[in-house]
Amino acid sequence: MTVLIGVVQALFLVLAAPLLKGIVGRLKARFQKRQGASIWRPYSDLLKLFRKDDLVPPTASWVFRAAPRIVFAVIVSAVAFIPVIQSSALVGHKGDFILFVYLLAIGRFFLMLGAMDGGSAFGGMGASRDALVSTLAEGPLLLAFVAVSIVAHSPTISGIVQWTLGQNFFDISAVHILAFTTLGIVALAEAGRMPVDNPATHLELTMIHEGMVLEFSGPSLALIEWANAIRLNVLLALLIALFAPWGMAAEITWGGLGLALGAYLVKLLVLAVFVAVIESSVAKLRMYLVPDFLGVATALSILAVIFTMIAKR
Amino acid sequence: MEFADVAAVKVVSTSAVFLMMTIVLLAVSRRISTSILVFGLQSAIITAQVAGTAYLERSAEAWVVAGLIFVVKVLGIPYAFFWLVAKLKSRRDVQAATTPAQSVFIVVVMIFVSYAAVRSYAFGIRVPEDALAASVALILTGAFLMVSRGKALMQMLGLLVLENGIFLAALTTTFGMPLIIEMGILFDVLIGLLLMGIFAFRIRDTFEHLDVSRLRRLRG
Amino acid sequence: MTVWQATFWTFLALLGVAVPLTQLGGKSKTVRALSTFLLLLGTLAGLSVASRCLWQGIPVNIELPSVASFPVSLTIDRLSALFFFLICSVSLPVVIFSTSYIAHHYEAGRARWMWALLSLFVLSMAVVVTSSTGFAFLVGWELMTLVSSGLILIEGDAKDRIDNVFIYLLMMHGGAAAVVASFFLYWPSAHGLEFTSIRSASANLSAGVRTAIFLLTFVGFGTKAGIIPFHLWLPRAHPIAPSPVSALMSGVMLKTAVYAFVRFGFDFLGGGPSWWGYLVLTAGAVSGLLGILFALQENDLKRMLAYSSIENVGIIYLGLGTALLFLAHGSPKWAALALVAALLHSLNHAFFKSLLFLGAGAISDGSHRLSQDELGGLQKRMPMTGVAILIGCCSIAGLPLFNGFVGEWLLFRSFLAGPNLASAQAQVVLPLLVGVLALIGGLSLACFVKAYGVVFLGRPRTEQAENAREVSWSMRGALIALAAICLGVGLFPAVLLAPVSHLANRLVGGFPPTEEMQFFAVMPWMGAVILVIGSLTLLASHRKRVTATWGCGLPSLTSRMQYTATTFSKPLRMVFARVYKADRKIEILPEDQPYSPESVSYRSVRTTSFERAFYRPAVERVVGLAHWLRLMQTGNIQVYLLYIFLTLVALLVFLRFQR
Amino acid sequence: MVLLWPLVVPLLGSVVMLGCRDPRLAKRVALAFCAAEAAAIGILVWRVHESGALEGQYLRADGLTCFFLVNIAFIMVLALVYATGYLQHMGAGRFTSPRWFYALVNLFLFTMVGVCLSANLGVLWIMMEATTLASALLVGFYNTEGAVEAGWKYLVVCTVGIAFALFGTIVFYLAAVKAGMSHTSALDWLALFAAVSQKQFDPNLVRLAFVFVLVGYGTKIGFVPMHSWLPDAHAEAPTPVSAMLSAILLNCAMYALLRYDILVSRAIGAEFPGTLLVFFGLVSIVVAGLLILVQRDLKRMLAYSSVEHMGIIAIGMGLGGALGFLGALLHTFNHSIAKSLLFFGAGNVRHNFGTLRMDRITGMGRSAPLTAAALAVGALAIVGMPPFSLFVSEFAILSEAFSHSRYMVGGVFLLVLSIVFGGFAYHLFRMTCGEPHKGLPKPQFTRTEYAVMFIAGFLLLFFGIRIPEAFSLLLREAVAVLQ
């Protein structure tokens, strides 16, 4: 039964991702006093792209077409780590957060390769910038996880969630606050949102992710976009699961599950609003300010780890 | 006891003083010929001492040794040196690095040092102290000559003085070593001088001078 | 004599005697073909006996005639077996690769020497890891250096090459001196250098001697392992060797140093105070970070690989340091985990690093270029090589499903065990090292994305790259075999985990916690899932159409518009500018008209600060002293005589004070 | 009689050789005498092995003697065979004709064999001095500026040194006499050997004697700072002579010093002579090792390396103990083989390139591969790389040093070895590698020269891998004398 629910929540994370993207876009439009597109718009985009055919540059090798598929496959398999409405996920107890983070790395690896296979200037540019961001994001991301897992005495995400469920919301330690902030920053960077990257620009000066995907078209582009949406969804779900899992179904009953789903959606909406606010209020950082931004995250994560020791005393 | 014994004892006991004099003379002498003469004198004194010892000890071996020294060091070597000087036609002076005054001063200091050095041993082994001191002084002087005199011949001479000192030491401490050894030593000394003479000629032929302090092609 | 001893003897005899003799003696082609076959045979024999000892843990011991009362004996216990296994399993594909590589690159005369020395090189490394007396070990240790430098010199004797070899030899000899000293420090208590007596003597050594031995081994073996700051020789020597040799040097020879360090630190000394652990951890962290940072900036493929070897050795040392730390705080099972991580990573690094070096050889064989900025688009021209190298890059970047990840994962886990320790600083330091390792991982990912992307993808940058050809089957075979190993170990690490954890148990007296191992069960499933979903998505995309890349309206893009390796690493170079201390040189030609230049060239030069700060001054001191002594030899005979007299006087004075 | 033959043969040889004006004849006769001498030594060694030490009035032979005699025999054969080829490149002058060369070499051999065979400290000294006299003309053989200068320095410095040794001998004689021995037997080694352990020698006199003997024979051995004659002589002498000088002459001087070391350590304990030996050994290896770095002339570099290795041997002897003596003796032999190989290589270099300035020589690997190979092998051996034999002996000495926890000695030793390694590697690389100069003559060397070098190299390798039973027997007997 738990396995079944695990499958369900995995599918939910995969399928609802475009919707989240749409909602965030709509909210942004509202904040900018615009009408904005329908929240279902991303789905129709994906359908349209899937119907087109794959344009491949003459210089490109098989890597060019393989890359989007691998990216998509990897992020989909990463979904299996994230508990949504119940504390256990498909591989929640079998794979720890290190494996999770490095799975995301596989995706990035091949996305960069695909971008560089295009043979244009933009692919390499985007890849090189993404290399910078992801390299610097890796440390704080893992350290935040480490801090939380030390407190929870468990290296697996589900384990951490179960421990947190056992706690009262108000006796959450400083470690969690620091870790949460770190993960928030890193999530923005990883998902390629403001202020690190602007998903809505094609200016050569600013674009990172868009630079990489510039050459892709049709189904490949669709897969990449979808994968990107899933990544945002997964990261937000991760934040929720690690720091505010309360409401998850302890035992499997229809009521409990429904309640859990409701709670989850509410939290997700809050986060979506948060993202939208940032995206429409903050300006994108200059390329070489990004390291400082992530440096803040690193410092916070290190603090978090040190606090775990202090908290023990 | 009869007169000869007294004379022999006197010779043996006073020779040290005369040796000291020769040392000082060697120090001040500016010309090779003088140095050679002084060396001959020195060897003669030593011969006298050997003879005295031989007489007192009544040992035939010692007499033989005395004869050998007289022939080799008093007659042979000085003669050979004069022959060399004539043959090499080199400048007469010894090419000293120190002025006579300095040399004398240094030599005197050396004599004092040798007395100081010898004392502790001399008591230990009950030998005439001043003779031993003289031998050490001779060794030091020989060394000093070799270091301070640039002329090849003077180095040979210094070596001989040094040899004299050693011989004297052997004599005073142990009445000389077994005859065959003494002869071997003398033989080596002679061959050594012969070779040095050969090399002196070669140096003269190749460098047109005899100043060994200027042989500085091989260094480092 | 058991059958296994016989097998070991076969290995020694074939590699030590038969192959060199047949190579150097045999004129005819058939003889040399035969000797190549013998080499393969010998390596196989070694592989068989090694794997048997590794998996069954039954030592094999053989005695050789002793030299002047110094016994010589070889023993394969589990620790030796692991590294012997490593040597043989890497040299096998290397030999296969060499069959055609050597034939392409050298005329008959050199090829002979190449083969002979290659076989001796493998032999010497085997002797190092299997010897059970100090004498045999040191002989093997020195021979390893000599033979490898000989192999480098076969390639040619240009000035700069000679200088590099000289630095290599000099540093190796310095390291060897430290090793010799560390062995001899045992002599007073062990009365000999048999490993058994050393092991028993270690227990009752004074703390000072233990520390001295540890520090000496740290320096001596660290020099061989190429940890910073003893790494100067590594990026000089490895790139200039023939590719199969660099594969062996980087993949295997460095590991002999790791072996020796483990042998001393764990087997003999059995751990020590916690500062040993911190020392090794610092060395590992510094080597890892600086190594990969320098690798990131290297455009010459082999130099880049050499620097990344420094990085990986750093990771291995992180594992060893963690193990020492846990041992010092008395929790052997976590020490075992860290040790397993280190040993497994040594093994895996051997596989993917030799794969990559052989790959570099294949690239230069196919395109006659080794600088990344002169390559590009090779994937379409050398497809098989490309795939193999891609797998290698994934492994070295530490991606899951590939073997590079296995060791790093275990290392992460052992870091996470830090908070179980009593000491406060260990509780903080170990978890923080997770961040360091993560940064290293991220950088290496960027580094190898750059390498593969620039070399194999996009447009070819020179016409050599344009006309690159796929390499011969034997080369491809070797590459594919190694790639298969990388993938296989990555998917089913349990195969190696079992024997290695037994080994760790023997070394630190405790098995790694089993719950740490079970995570690997998920690996194959992950692989399957990714494979299935990936192939499903292929169904979704029906038609494929080839069209020109969008060039912002330009008629056609040229390869010069692509990002080069240099530009790719520019952002990271700017972020870490402090580390590189690069001084830029911008040359504008002709100089008299700087505003209408015909050519503007930009390059940034780096010399490692260790070289400037430490090595050069030291050498200058020594040479200066020598020159001063040279002046003492004035050439004036009178001065010489004076020396003698003064010596005599000094001795007489000394005599006065004697009584 | 057996004791006499090894002396008679070379003496006879030197006389006969002067008669042979025809170079080809001279060559044959020289080889014949060489063979005869080898045979004589062989017989002597065999007899000693059969029936213990042989005692004469002025001559005697025991294990130690035999070891050094065998060493002499090896090097003599190698050097003379090499010389037969080498002299063909040499024009005949007044004294510089083959017959003179062979005659002097035979005389030289006579004196060195005499040193080893002498049973009397006085005779020992006489023979020691005679070696100087016999070899001085050989050093100055070429009669060039350098040769004459080197010859003069060699003659004077060594004679002075030896004079001090004579003083030391006298003092020791005095001590013996004071201890109550008869004048005739007070220099006889066997009597002394018996006496030192029973009679009471005045320690002050014995110390004084040892100091003088150390300075005296140390000058001949080439201990720093008495080494100054050594590089000049080695560099300027004809190559076979350089080989003999550094490969056997220094060993003979060491032998003479050892004889005193044995007596003194029996008389007043091994601590005092041991300390001095180790001290001079350390000074020598440090200074020589550093000087090797900055040499410009190949043969000078080799000469300094000889100083270094004498220092190593002295350290081994000073440390004493089974491994120390064994290592030191073994090292004596190995070093002489390796050093003669290197000198032969240097000889070829001079003929081929017309110079010994190392910075003027490049590309030897291409232009004269065999010579380069010989030099490379010799260098690897001399810096103590396995699998060559010097590694084993240095290993033994090191283990002795550390087994007595003389960490400082061992540390300095290791450090110097690294420095020397650096020096040799640096110079050899620059000589062997790179492009050769244009217009060099093709190396035309006789088979014999290559054969000799090959044999030497083979010996080095062979003794590095395993030491033959007969030789280790010889070693054990020699060590037995020392202990």
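Letters are used for the chains, namely A, B, C and D, taken in the order the chains are written, and counting of residues starts over at 1 for each.
The rule is short, and it goes like this: contacts are C-beta pairs under 8 Å (C-beta built on N, C-alpha and C of every residue); 3 or more make two chains touch, one makes a residue touch a chain.
None of these values were measured; they are calculated from a predicted model.
**Q** Give the chains in contact with both chain C and chain D, ordered by label.
**A** Neighbours common to chain C and chain D are B.
**Q** Does B-D or A-C have the larger number of C-beta pairs in contact?
**A** When A-C is set beside B-D, the one with more contacts is A-C.
**Q** Nearest whole angstrom, what separates the Cα centre of chain B from the Cα centre of chain D?
**A** Inter-chain centre distance comes to 32 Å.
**Q** Would you mind pulling out the distance in Å between where the CA atoms of chain A average out and where those of chain B do?
**A** Centre separation, chain A to chain B: 103 Å.
**Q** What whole-Å value do you get for the distance between chain A and chain C if each is reduced to the mean of its CA atoms?
**A** That gives a centre separation of 37 Å.
**Q** Roughly how far is chain A from chain D, going centre to centre by Cα mean, in whole Å?
**A** That pair's centroid distance is 80 Å.
**Q** Identify all positions of chain C at which a residue touches two or more other chains, and write them in rising order.
**A** In chain C, the residues touching two or more other chains are 630, 633, 637, 641, 652.
**Q** So which bits of chain B are touching at least two other chains?
**A** 143, 146, 155, 212, 215, 217-218, 220
**Q** Two-or-more-chain contact residues of chain D, please, as numbers and ranges.
**A** Touching at least two other chains: 152-153, 156, 160, 204, 208, 231, 294.
**Q** Please list each pair of chains that are touching.
**A** Result of the pairwise touch check is A-C, B-C, B-D, C-D.
**Q** Which part of chain C faces chain B closely enough to touch in the complex?
**A** Answer in residue numbers: 630-631, 633-638, 641-642, 645, 652.
**Q** Would you pull the chain B residues touching chain C in the complex into a rising list?
**A** Those residues of chain B that touch chain C are 97, 117, 143, 146-148, 150, 155, 212-213, 215-220.
**Q** Once bound in the complex, which stretches of chain C touch chain A?
**A** Contact set of chain C toward chain A: 377, 379-380, 383, 386, 390, 394, 397-401, 405, 409, 412-413, 415-416, 419, 424, 427-428, 431-432, 434-436, 438-439, 441-443, 445-446, 449-450, 452-454, 456-459, 518-519, 521-522, 525-526, 529-534, 537-538, 540-551, 557, 559, 561-563, 567-572, 574-575.
**Q** Quick one: in the complex, what on chain B touches chain D?
**A** 120-121, 124-125, 139, 143, 146, 152, 155, 159, 162-163, 166, 169-170, 173-175, 177-178, 180-181, 184-185, 187-188, 191-192, 195-196, 198-199, 202-203, 206-207, 212, 215, 217-218, 220
**Q** Chain C touches which residues of chain A in the complex?
**A** 50, 53-66, 68-70, 72-74, 76-77, 80, 91, 94-96, 98-99, 101-103, 105-106, 108-109, 112-113, 116-121, 123-125, 127-129, 131-132, 134-143, 146-147, 149-150, 155, 214-215, 218-220, 223, 287-288, 291, 298, 301-302, 305-306, 308-309, 312
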